[in-house]
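Each structure below is given as structure tokens.
Shared chain: subunit A. Partners: subunit B in the first complex, subunit C in the second.
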Partner chain A sequence: MNTFDKKSTLLWLLTVLVVFLVAIAFGLTMRMEQAEITEIGPLNFYILMTSHGLLMAGVWFVAGMAGIQFILSRYVEVPRWGSVFAYVCTVLGVVVLLISTLLAKFHAGWYFLYPLPFYAKGTEHGLLLFMIALTILGVGWLMWSLVMLASILKKYSIAQALAWHHIAGKDGPAVSPFILISFVSLIGVTACILAAVVLLVLYYLEFLQNGGMTSDPLLMKNLTFFFGHTLVNEMLYLGLAVLYELFPRMAGKPDYKTSWYVGISWNATLLIVLFAYFHHLYMDFAQPVAFQYIGQIMSWFAPLPAAVVTIFSVLTTVYRSNMKWSLASLLYFFGVMFWAIGGVGAILDAVIANNFVLHNTQWVPAHFHTYNLLGNVFFSLAFTSWFADEIGEKKIAPGLVKVIFSLLVVGGVGFVLAFYLGGALSVPRRVDMYNEIVSEGITLAKLAVVCASLYLVGMIIYTIDFTRRCAGQLFS
Partner chain B sequence: MTIQKEVFLFFIVMFLIIVLVFFLVFQASGKSGGAQNVNRKRAIFFFIAFGTVLLVLGITLPKTPYRLFAAEEPTQKVFVVARQFSFAISKFPIANDDDFSMSAGVEITVQKDELIEFNVSSFDVSHGFSLYKDGVLKAQVQAMPGYVNRLRWKFSESGTYDILCLEYCGMAHAAMIAKINVE
Partner chain C sequence: MCWAIILLSFFSTQQPDEMGYLLKNIPDVPVRTAESSLQPLSSWYSQKPMILTLAYSRCPGVCSPYVLQIRDQLAMQSIAEDKFQMVVLSFDSTDNAQTLSKLAGYSKVNPPPSNWTFAVLPTESREELAASLGLKWKKLGELYDHNSLLLLVSTEGKILQRVEGLPSNDQWNRLFREITHEFVPVYSTLGENIWTSCFRYDPASGTWRMNWGLLLILIPSVATVCILLILQTIIRVGATKKIANTKPIISHDPV
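Coming up: the complex of A and B.
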């Protein structure tokens, strides 16, 4: 491990942990407002909602980037400037984003559903600053993805990186699952960021022409969710790529190999995940009905290859393995479990007939918080813990492992359970207060506040311990 | 039992099964021996999952709301236009601001079990048009500017239904409520 890789990864991870704590605090404040514990008012609530959404989506995508970049440098030469450029863009983008929301009061939601940003009251420069923030983040992440893809293609052809020779049973270089999953995910990331570029260009044009041109709302919604849904899925897969590399070694098992079915699974995932986003538009009856059916079919087939192969591999790796459990391996193993549970919540919502009574209720944040807060975050924290074990001079205390893990699991499960119950009781999402029609939401928000506080305490302890063990390496 | 609660119960059952499987494997991690016949078990697992997906798609895809009461002619058209932060609901088309002002805040009455076609649109941003009865979400459709979403629906219970906006539409989104009477 060279000094640059070590220090740059450490800087990425410390940044992720700090931003994550801020984003949790925003989310906790939102739930306190819904629980009627605080009275920050609707404008501040929606400012926090907008900041929380984009910070969370961004920070865990960035955590995936840090893991991919670090492991990829074991296989191929990764240009340093790509990492530095992406880091600078990410930090700058987050700063401008927070200025756009906290100071300029932009509050149209992280997915800025067209044409709401042009109608959001109480903000003069917020939209422009928000668009600039997204542009900076988009440029940084797109360049990073292209640099990583180019790095892989210096060693492997496209067909090899996609493991087609493994699928066909032909000779060729051994392509690890890490390379295959990274390559597939990076293609997806590039595609969704390009959709965001088109979306932003249309926003800029309308903004600059001061309403002289308008865009088609249905087209804009398709672009928005192609970008948002795909980005969130691909960031999960970035975390999984690292899991495929590290987890078998934690169990003392041989490295995973790219067999024909692993190859087919991830090639199928590459295509399927690009069409699953249609489920965000089920309740837009004006959308061509064929797209709606494609949305449900793809949403149900999407988890099949990746999840079946990954879940099965993880279970058989652990079964009778003499695994030495560490915080990293615990987070990987149970992260996969919660990913599977969140996946069940997601595909139930992806049934069009169910979505008719679940869309935009709390069932939606229930399932995506399950596979993010307890799945993807666990994957990235597992990498972070493994990294700390690799470079840190001090070891984590065994008692602290139990405390951190228990707080994250108990807090996380209670937190998402409040959302699932909210979905079952028709409680809407994205509201700053609950009227008498859906007043159960207040009690559930109180439960969520307690549980989110436990999760936050767990993350504070984790961050302090990680900093204690590793921060000194930044300056060594 | 509502659809939402059925989905919730099914989810909890799946939750417990997944937790049980992972817990048993976790418990077995301290033993030696390794997993046997992995490829065969993986194939069985895959085909069970694949078959389940096909079964679920076969059962649920015909039940989408797009084809609700498609074979019948609606006896009543109801026009709905959303605008920050209110609904205008009328039995007559709502084409402009004057029409909107005349219908906003007016509670219309429809008949139980009659087939209604809601023609839902928006004059500004995207909103959600959702029908609640006693706090339970019964049906919904999006209200999008420039488009008309048509939802066919029969009210099975008499009384007052609450209409909530379910798409975040700005600061007063949570207060965007209307009512419709069914007799």
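Coming up: the complex of A and C.
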């Protein structure tokens, strides 16, 4: 392993862990406000909500990218500047983002749904700073994913990287599932960042013309969710790509091969993910009806290929294996299971008839926190743990594995459970205080505060241990 | 050419300005009723939604058929009388409740339903109310030239619906659904400065047409495909150049 790959990955992971702790603290404070333990007021609540959402989406996206970069450099030569450039942009972007929210008080939510940002009260330069932050992040991440796509294309053609020859049963270079999934995900990442580019351009135009030009809210909402939904989906797949590479080895089994069904399922995923976002517009009656049906069908099919194949592969890998259950393999295995549970929650919500009831209730944060907090985060933490085992001088204490894992699972499950129950009881999302009609929300928020604190403690221990074992390598 | 004409026709359509009035508060002006006392308009809308129309009884033109049409439409509905208030307001100070009632085809033997009110707007309040409702009127000798308006006003005094001229069946439906508290979706007619609009409204046919703003949704995907193809081409070209530049070409060597 060359030192650049090692050090840059280490730096990415340390940064991710630190920002994660900050973002959890923001989330915990929101829950405390909803539990009526603190009294920070609505403006501060929405400032935290905006920061929390974007930090979380961003941080786990770059964690996935760092994992991809690390494994990918075992296959092909990946230019270093992509990662360095993305790192600088990410740090800078996060700083500007925090200035825009914490200082300039921008608070229109992480996907800043048009035209809300233009009406936000109590913030002067918030919107402009927020747009600048997004621009910096977008440029950095777009370049990074293009650099990696180009690296893959140096070794494989587009058709090969998409494993079309495996699907057709023709000859050609063996393309591992890792390459296939990375390629598919990076394409999706590029598309959704480009959607953000179009969106931002329209925002800038309106901003600069000071109301002289306005945009169609329907178009803006389509672009927003093309960006937001797709990004959140793809970042999970980035984690999966690494899982396909590492998990079989952890179980002492042969590497996964790209069979025809793996090929088909990820090619299908590539297309389906780009259309599933329509389910965010079910309540937008102006959206062409055909889009609603496409959204419904694609949302049903979205999880099928990727999830079914992955769950099947993971289960057969574990079955009759010599798996030595390390923190990494535990996190991978349970991450896949929680991902599946969150997926079911998501599909329930994406059924149009159910969406009439569940729309904008806490069911929504319930399902996406399940496959993020307990799915995607677990995938990236599994990679992080595996990485620490590879490069760290010291081993993790077995007792600590149990403590960390239990805190994350118990805390995480309890935390999302409070959201699910809230959703079932029609507690609305994105509300800082609950009135008497949904006073159950307050009790549930208290439960969530306890559980999220457990999760936070688990992450603090994890981060300290990771730093203790690996941080020295940064300066070696 | 064809496309140019179609595109041009998108941009030349006239937008009705019904949207501009929506959710705006109407002024709570005093009006005169049968009892000839002045009463604020809010006495009718503060309890339940109010359907408001403006007319005057000496009108030689549209007022009479307009009010009669409203009467018939309301009579055909099974919405209970206590669900809403109907107010016919005259902007002609020579009017009174009796003349207006006659305009609506009611008489002593055929009295209006209990939720109907006929009232006259005092001259002082005319400008203010007309401006907020978008009532255009002009005095022509003894008579008035004016547009016909039907409005639905919420209990907070906000304009929920506004129709110029005779409402279409669709517009009646929306109005009745609003009264019975059903969800009535509204997609706002976008101004001419919104070149990215997904739809265009055609007032002539009352229908919506897709506009090219919708195509912008395709940009990210199309651009991604283009970028991939370009990347692949650049890399291929770069690779063949490299091979061409490396010296020994084995096939020329005699074995």
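The definition used in the following text is that the second predicted complex is superposed on the first by the 476 of 476 C-alpha atoms of A that agree within 3 Å, B and C clash if a C-alpha of one lies under 4 Å from a C-alpha of the other, contacts with A are read in each partner's own complex, and residues count from 1 in each chain.
We adopt the following convention: a contact is a pair of C-beta atoms (placed from the backbone, for glycine too) under 8 Å apart; a residue touches a chain by one contact, two chains touch by 3 or more.
Here the structure is a predicted model, which is why all the values come from computation and not from measurement.
Overlap between subunit B and subunit C is detected when the two structures are superposed via subunit A.
In the superposition on chain A, A:202 contacts subunit C only, with no contact to subunit B.
In the superposed model, A:358 lies in contact with subunit B only, and not with subunit C. Shared-chain residue A:425: touches subunit B; no touch with subunit C.
Of the two partner chains placed around the shared chain by superposition, subunit B and subunit C are both touched by A:286. For subunit A, the partner touching the most residues, choosing from subunit B and subunit C, is B.
Judged by the touch definition given at the top, the superposed model places A:187 against subunit C, while subunit B stays out of reach. In the superposed model, A:213 makes contact with subunit C only, not with subunit B.
In the superposition on chain A, A:158 contacts subunit C only, with no contact to subunit B. In the superposition on chain A, A:150 contacts subunit C only, with no contact to subunit B.
Overlap of the subunit B and subunit C contact sets on subunit A: residues 216, 218, 285-286.
The touching residues of subunit A, when paired with subunit B in their complex, are 42-43, 46, 49, 107-109, 113-116, 119-122, 216-218, 221, 251, 261, 283-286, 289, 292-293, 296-297, 300-301, 304, 308-309, 312, 315-316, 318-323, 325, 333-334, 336-337, 340-341, 344-345, 348, 351-354, 356-361, 363, 420-421, 423-426, 428, 430-435, 437-440. Listing the residues of subunit B that touch subunit A in their complex gives 2-5, 7-8, 10-11, 14-15, 18-19, 21-22, 25-26, 28-35, 38, 41-42, 45-46, 49-50, 53, 56-57, 60-61, 63-66, 84, 124-126, 128, 130, 132, 135-142, 144-151, 162, 164, 166-175, 177. Against subunit C, the residues of subunit A that register as touching in their complex are 146, 149-150, 153-154, 157-158, 187, 190-192, 194-195, 197-198, 202, 212-216, 218-219, 222-223, 226, 274, 285-286, 288.
By the touch criterion given at the top, residues 185, 187, 190-191, 193-199, 210, 213-214, 216-217, 219-221, 223-224, 227-229, 231-232, 235, 239 of subunit C touch subunit A in their complex.
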